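Labels A, B, C and D are assigned to the chains in the order they are written; within every chain, residues are numbered from 1.
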Amino acid sequence: MTDSSGNVKIIAIVCNWCSYAGADGAGTARLKQPYDFRVMRVPCTGRVDPLLALKAFEKGADGVLISGCHPGDCHYSEGNYYARRKFELLKRMLPHLGIEPERYTYTWVSASEAARWQQVVTNFVTKVGELGPRQGGAL
Amino acid sequence: MSDEAVSSERRRLTFADVELGSSIARAARYAGNPYLPETATVVEIIQETPNIKSFRVRFDDEQVQAGFSFQPGQVGQLGVLGIGEATFAINSSPSEKEYLQFSVMQAGEVTIGLHCLSERDKVGVRAPMGRGFPVEEWKGKNLLYVMGGIGSAALRATILYTLEQRAEYQDITILYGARTPVDLTYQYDIDEWEARSDINTVITVDAPFPGWDGRVGFVPAVLEELAPAPANTVAVTCGPPIMIKFVLQALQKLGFADEQVYTTLEKRMKCGIGICGRCNLGPKYVCVDGPVFSLAELRDLPDEL
Amino acid sequence: MKFLARDQLPTLLADLSTAAEVWVPVKQQNGVVQFDRWAPDVDVELDVFLARQSPKENVFPQTETYLEYRYLMVCSAQRPEFTDQTREELRQLVESEGGEVVAEVPPVAQELLLVADVGGGSQGEPGLGSAAGMDDSAQIILGLRPCDARGLSQMDNVFGGYGGFYFDPYYNVRRNNTTIIAVTCRTPRSTCFCRALGGSPAGTEGVDVLMTEIEGGFAVEAVTPKGESLVERSVFEKAQPEVEESAVAAKQAAEAGVNVPFELDGVREGLKAGFDSPVWHDLAMRCISCGTCTYVCPSCYCFNINDEIVEGTGERFRCWDNCFNPMYTLETSGHNPRESKHARFRNRFSHKFWYYPDKYDSLLCSGCGRCIMYCPTHVDIREVLRTMSAETTAEKGEA
Amino acid sequence: MSGAEIARQDRIRELARQALTEGKVDYFIGWKAGHVPSEVIPAFVRNVDECDMLLWNPLCHHNLTTFLKRKMPDPPDARIGVCVKGCDSRTLVALLQETLVDKERLYVVGVPCDGIIDRRRLEKAFSDEVIDIAFQGEQVVVTTRGGETKELAYEELLLEQCASCDFPNPRYYDDLAGELLPQPEGPPRFPGLEEYEALSAEEKDRVLADAFATCIRCFACIHVCPVCYCWDQCVNRSRRPALVGQKVAAKENLMFQMVHMFHVAGRCPSCGACDRSCPVEIPLYLLHRKMNKELFEMLGFQAGLNVEDKPVFQTFNIDDALGEQ
């Protein structure tokens, strides 16, 4: 386990086919990972409504990470192509909603990229950890 | 305080009229908090059909259990914390002092929740509510029960009550139908009714079914075939809306007057005490003025079923 | 009758606020006037004719908790073979701590939630969970108009178990602890129609104290015993004879400003006779089936009851609902008795002028006109009632 | 009222009359005067002789395409004639792009528009009720119930969005009422956001929390929105999934609006109908207009321009260069 502040709640929304497998691989390989995030597995990032991320913030999450297959590698061919437009809109709207942009990110991690998963979550958790818990009154 | 003392007056109640802090099960309409469920424990669960379970529940407070009484046809709100409440007919006999029975078909949020309960689990009960069947008025008459599917749940308490008071009534006919034999509820009752010589029990299913050697046919058609005489008879019906529609037509054809036909209605309900507003049929609220209505009463109300 | 000098209003409010929470109309940042808590730095807005919403929420909050409970354990239902064992363990655990499992919540999604409330209710009441505290602190609402007050008094019957029904303790505890100080209308709007419903811009139904703006201050009348004791305060002066004269004149002027756009007689009969009339389709054409009219209405009271779970604690609460909401009547089977827009529309007016009067001997409309003003498409209740009244005549004509 | 506007009004009446006479439509939706002359409301004209009540002036703010969406037409298969301004036509185009209304049952009269008056702002300038608003050239004559009369400049009373309108002409119509107006040049404008955008995250959070604490969840914004069409199936009302809590509180209320905003992304042209319908005057444009600004900066997309276009979230480009890590 790496040191992370341990005082933040982070939701990782990952697709079943790539990123979940990648995260699983990181676990199997016993790569050091922060422990203060919770994984939510979905069939495909194409299913992820940006509102799920907002709902997480509303219910007290301090950070939301969305990860799926690399563009071109979607298990359903094109789910992540549709998804990234929505994720980008959310990314651009979050600062407007009073949520620091560092608290949200979306990325692509394939099933074989255990090391990349480790790096992605470590970076993200560290960044959110530095910001600390959210004090949001609006969302 | 007696029920009549206040209800006959057209006036508002005050805190002085109600029993503070008590639930409906304790103080009926004079409950200090009619929204407060009374804790009860599931003592037995009966799988009636693949998607209908009966729950026998017992109030945790022995005094409440012992003092609980209701009219056949009255309903109650059965609820699970975190999920919600829904209205079901109390279908155990009013003389049953050990438990209350509710039958629940798995359909929506609350009923799915209820279906996940196991024995010894706790539920919240707000009962009794609404108006039951006028069984006293029916004394000395022939009774004709016509029911389909889960509609049996709404009439079971009344059937049991009138069978217990068998001598008070003339001929009793029970016509019950379901889609398949598997969908017939209360098989234990059916066996008993069929064994009795003082009731005419007719069970039917919609279509032939492997292993079923009983009657086949839709309830309204079977009813017309039976052709019960309307004289001095009360017909009571409950079932899916489409069945009720055709049963009412059949009864009319057989010469039943609107005053002789009773049914019990279903609506979305929340408060169960006539306040929240949604279960109205014109100026009548199904939760407090019903769920039992005679066809004559329904004819006077706007058609928003 | 008493007199209150205008510059004494803050003194009065300060005095009142020592004993109760005082609510007054206040202009919000965006220019909308709403009822708000009074504090020494708050300006009372009595010039704007009506606050955006009546102070209905002070006695009937939009969201109100009935029960609270908490969950002691959450475990997965994905391995049902362990479910019974876990339940048993939880029971033993809780019982050894002197508590009691009051309910087990079945899987909503993939989880099995076990619910427990340890100990009795917070108010020591028997029953499930703890009944949330009923708010019984005293409050005074100053600056509402007589139609707002009348709206509250119209709701009293349904919540008060009128005619032998059920008594709602949550509403009544607030209502009993609320004192209403209404202010006579000065400049009624063209949308006002209180007079058509037997009300008046200086009406006293539901009012404890009525203040009428006159030169230099207010003429103050106590209407109820509650009001009598309130006007005993020293800030109120004994009224000179000309105060009463000015008050009468002010009231008359206000009365003259209120139109009588329809005859109340015949409305109920018209609604009844015209229930199946195709006219409803035309009337509902421009309705968009939102719920604005019901939420700005001083006497619409329908509500919904929900259970929600947040982070280990749950609540059963009621929140305002309205007859335009599809979920209002949708049954589990998927059948909705009021499926179409016009049926929902019809229910609102029929409830106010037919169903409610039948059951509770009172109208459910005080003629404030908010539903006309704030409807996104300005559906006009007066037009609806006029049209429906005509339905009887038409029926009679045919007969 | 200017000559052009009178000409448009005459033409609307004429086209409506024609459509009804020819039996092209079952009813025609336009605007008419409400209970006071200052109030303009949607008009549903079924008879030829009612066509003269149709009017056109800078108070005709209602986006009538709302009445085309699912469950609104009565009877459900009615053939409808409808008037659209530039912004209204974009919501109509958005509906047509997704074949949510049937082109075959529609007759569209496009109305070039010089800008709509911000009636709310105008009313706040008077403590008395505004009962008449008349237009005399560039001047607006406002009369109150108490008899007070004031002349104000039309330009200064325009809605913020109208003062910098990019689409004064309808994007889609069968017939046009009046002459087309000159098409403004330059990139699209998204007015009224600068002040809010300059705030810090904390300040924005507070502004939104305060604004949405006042929301009463009446659903006016959703039901009046022409491109928010789920009707009875709105997830905002749903308990499963419980995306939005049913309690009425600041967070739940903003979440409620987020559902609206994200679900109309790609269809919403910021027509402002939601904003104008809010009974407690929550500045919804702050969210919706900003979303459109971001969509434009992100993909150069503007909703409801051409019927043949695909809505932005129903298509993708493999080469989309976005901000993922």
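Following the convention adopted for this analysis, contacts are C-beta pairs under 8 Å (C-beta built on N, C-alpha and C of every residue); 3 or more make two chains touch, one makes a residue touch a chain.
What you are looking at is a predicted structure, and each value in this text was computed from that prediction instead of being measured.
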{"item": "Third chains touching both subunit D and subunit B", "value": "C"}
{"item": "Chain whose Cα centroid lies nearest the overall Cα centroid", "value": "C"}
{"item": "Top chain pair, ranked by number of contacting C-beta pairs", "value": "B-C"}
{"item": "Relative to subunit A, chain with the most remote C-alpha centre", "value": "B"}
{"item": "Chain centre separation in whole Å, for subunit C relative to subunit A (CA means)", "value": "44"}
{"item": "Intercentroid distance (Cα basis), subunit B paired with subunit A, Å", "value": "51"}
{"item": "Between subunit C and subunit D, centroid-to-centroid distance (C-alpha), Å", "value": "31"}
{"item": "Sequence positions of subunit C contacting 2 or more other chains", "value": "108, 304, 306, 310, 330"}
{"item": "Two or more partner chains touched - positions in subunit B", "value": "none"}
{"item": "Complex interface listing, subunit A residues touching subunit D", "value": "49-51, 54-55, 58, 71-72, 78, 81-82, 84-93, 95-100, 105-108, 120, 135-139"}
{"item": "Contacting residues of subunit C [partner subunit D, same complex]", "value": "28-32, 34, 47-49, 52-53, 62-63, 108, 187, 189-191, 257, 281-282, 284-286, 288-292, 294-296, 304, 306, 308, 310, 317, 319-320, 322, 324-327, 330, 336, 340-342, 372, 374, 376-378, 380, 382-383"}
{"item": "Subunit A-facing residues of subunit D, complex", "value": "196-197, 201-209, 212, 243, 250-252, 254-255, 258-259, 262, 265, 287, 290-291, 294-295, 297-299, 312-314, 316, 318, 320, 322-325"}
{"item": "Contacting residues of subunit C [partner subunit B, same complex]", "value": "66-67, 69, 71, 84, 87, 101-108, 112-113, 115, 123, 125-129, 131, 156-170, 172-173, 176, 275-276, 301-307, 309, 314, 316, 318, 321, 323, 328-333, 335, 337-338, 343, 347, 350-351, 354-356, 358-359, 361"}
{"item": "Contact footprint of subunit C on subunit D as seen in their complex", "value": "34-36, 39, 41-42, 44, 62, 66-67, 71-72, 74, 124, 127-129, 131, 145-146, 210-211, 214, 216-220, 222-224, 231-232, 237, 239-240, 242, 245-249, 273, 276-277, 279-281, 283"}
